[in-house]
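Same chain, two partners: chain A is paired with chain B first, then with chain C.
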Partner chain A sequence: MALYSFWIFDRHCNCIFDREWTLKTNPSSGTTNSKLNEDTAKLLYGMVFSLRSISQKLGSKGSFNEIRTIATGKYRAHILCTASGLWFILLSDLGQEDLSQVLRYLYSEIYVKTVVYNWLSPVDFADSPNERRGQGFRKIRNRQFLLAVEKFLGPMVN
Partner chain B sequence: MAIQTILVINKSGGLVYQRDFVATAPRLSSNEYLILAGTLQGIVAIASQITPKSLQIAGKGSAKGGVEPAGGAAAPLVPYVGTLGATTASGTPMGSFLGPDYFNDAFASCNGRGLKHVTTDQNSLFLYQTLTGIKFVAVSTQPTTNAMAVAVAENLLRKAYCLYADYVMKNPFYEPEMPIKCELFDQKLGVLVGQL
Partner chain C sequence: MSASMSGNTASSSSSKKSLKAFSDDIWKNKTAKINAELFTLTYGSIVSQLCTDYERDFAKVNKQLYSMGYNIGVRLIEDFLARTALPRCDSLAKTSEVISKCAFKIFLNVTPQIGNWSSNKDSFSIFLDENPLSEFVELPMDAARELWYSNILCGVLKGALEMVQMDCDVYFASDVLKGDQTTELRVKLNKILKDEIPAGED
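So, the complex of A and B:
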């Protein structure tokens, strides 16, 4: 089992959290909310966005057809889209066939409890409500959230 | 699992062939299919760009140690799956290829880093890229991430490529890169998918 990175995007196309592990052997390696990952985040967002629009068209009329996983020859991306427009994306190796339960836990038990219920956390991470171009820079820096993510995903990294 | 649609995308991202195999397949306009083909072409390239850093580091390490042969043939082989679509129902061979089937071995995928497989709530989409850049896309009616299903789809699409080589490329009236209108290809592809 190997996890490579974890990303959260909000409904303004901003990456509000990213965590990338660079060494499989060391769960504390890698970067959190790194400036260097901005371009990768945009590419990832673009890929999921276009595949989502394709899947909406391919699905039968009048029903949701949300995207679940994207696989290449090297890695697999698992995607959870919430009703509030958040995207949770986990990149793992090809051996992981379905991490939707993990993503659901990250959303309902970790994100909701440490970010949504937190009075000091902004309701919307974008500067203005009509921001649409992904130029936001605010990230989740909540210590409880970071700790909980590390504690939950750390054992799965290697 | 049934194959809903098969698309062929040429090396510049244009849609050259599209066919539905299931009556319940959603009706998309030809324009929408063209957009879909172009988008997929772009996503294949983007997907290889976001290969995680830990994989990039691991790849470099092995290249230094001389483990990875030149040309980056580190991509795992796709296992060979059964005699899928070897002959038509009447027993006549489907193509000009040797042997009882088109190929009998596991094969290396030419698409080591690009997009291969997408699942959604209702469908899964498989993509097979050839060495010349033509992409064969199959949309199936069930989401699956099973490694076996992916291997079967890859074998099926590779056989569709064999049919393409036999009945499209050898057709003297076919212009390369243009939409495929070959009756024999239609017919044989129908047989191949029907046998699944």
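So, the complex of A and C:
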């Protein structure tokens, strides 16, 4: 099993968290909330956004059709979109068929408990209208959140 | 029950029974219980403190309760979605059902009746036969005219619905505490907000 990276986007199209692992052998390698990943984040957002609109168009009217995974020749992206507009995305190797339970856990046990229940942390990461529509720069920096993510995903990195 | 399975149960075209069974299961198995009286009394102390702070200017108390509720609602919706894994509702009828059968059940263990639909189906009422917030409450004379004791609920609904892109007006139409026959919460949909798209894409 190998995880390559983990991303969270909010409903303002901003990347509010990114974690990229560079060495399979070392779960603490890589970057967290890196400026260098800004462009990658935008491209990833665009890819999911487009495929998501396609999947919803192709679904029969009225029923719900949310995208779950996208596979390429090298990796698989696992996606959880919540009704409130948050996207949780995990990139893994092709061996991983379904990480939806992992994404659910990240949302309900980690994000909800360390960000949403934490009243001193914002839940909306766009402070003003000109930080919306993908132009925001704020990230989740809660220590509890960062620790919990490392602890939970670390063992799955290689 | 796995999250993906429960997601399917809930989305399988809204048969009333399944949504109820689904909510009962979450209430029974996934929700920590607390003493209802402690909750009622805590809320009572908040309202009474606000009445003191605003020198019994009940219009201001209503407003403050509403904005406190709003702040709770925008967070509570994430908790709700994490627990239920429900997708967005495709109609207001579905929304009303989820609110009464699922949200009120999970958070307050009551299932209020929905009714009083407007002719164009853009507003409905929630009839709270039981209201855990006002269990032991009697309003004094001066408060009975203006104070909406449970106004925090309006704010919660407003905030939570806004986070799923529904811009609504939520207000109390009547309250048994004021001598009315029923406690009626009115929800009026103004518009469905558009999902944002990145700048430069439109």
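Note that in this section the second predicted complex is superposed on the first by the 154 of 158 C-alpha atoms of A that agree within 3 Å, B and C clash if a C-alpha of one lies under 4 Å from a C-alpha of the other, contacts with A are read in each partner's own complex, and residues count from 1 in each chain.
Operating definition for what follows: a residue touches a chain if its C-beta (ideal position, glycine included) is under 8 Å from a C-beta of that chain, and two chains touch if they have at least 3 such contacts.
Predicted model, so just to flag it, every value in this text is computed and none were measured.
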Which of chain B and chain C A:Ser5 touches, first, second, both or neither
first
Does chain B (first) or chain C (second) touch A:Glu66, or do both, or does neither?
both
Between chain C and chain B, which one touches more residues of chain A when both complexes sit on the common chain A?
B
Applying the document's definition of touch, where does A:Lys139 land relative to chain B and chain C: first, second, both, or neither?
neither
Does chain B (first) or chain C (second) touch A:Cys13, or do both, or does neither?
second
Which of chain B and chain C A:Lys57 touches, first, second, both or neither:
first
By the touch definition at the top of the document, which applies to A:Phe49: first (chain B), second (chain C), both, or neither?
second
Those residues of chain A which chain B touches in one complex and chain C touches in the other
46, 63-64, 66
Over in the complex, which chain A residues touch chain B? Could you list them?
2, 4-5, 20-24, 30, 40, 43-44, 46-47, 50-51, 53-55, 57-61, 63-76, 91, 94, 97-98
Applying the document's contact rule, which stretches of chain B touch chain A when the two form their complex?
24, 26, 28, 32, 36, 39-40, 42-43, 46-55, 57-58, 75-76, 109, 111-123, 125, 139, 143, 145-147, 150
Show which residues of chain C lie in contact with chain A when the two form their complex.
2-4, 11, 13, 74-75, 77-79, 81-83, 85-88, 90, 163-165, 195-199
Chain C touches which residues of chain A in the complex?
11-13, 42, 45-46, 49, 62-64, 66, 82-86, 100-101, 104, 107-108, 111-112, 116-117, 119, 123-124, 132-135
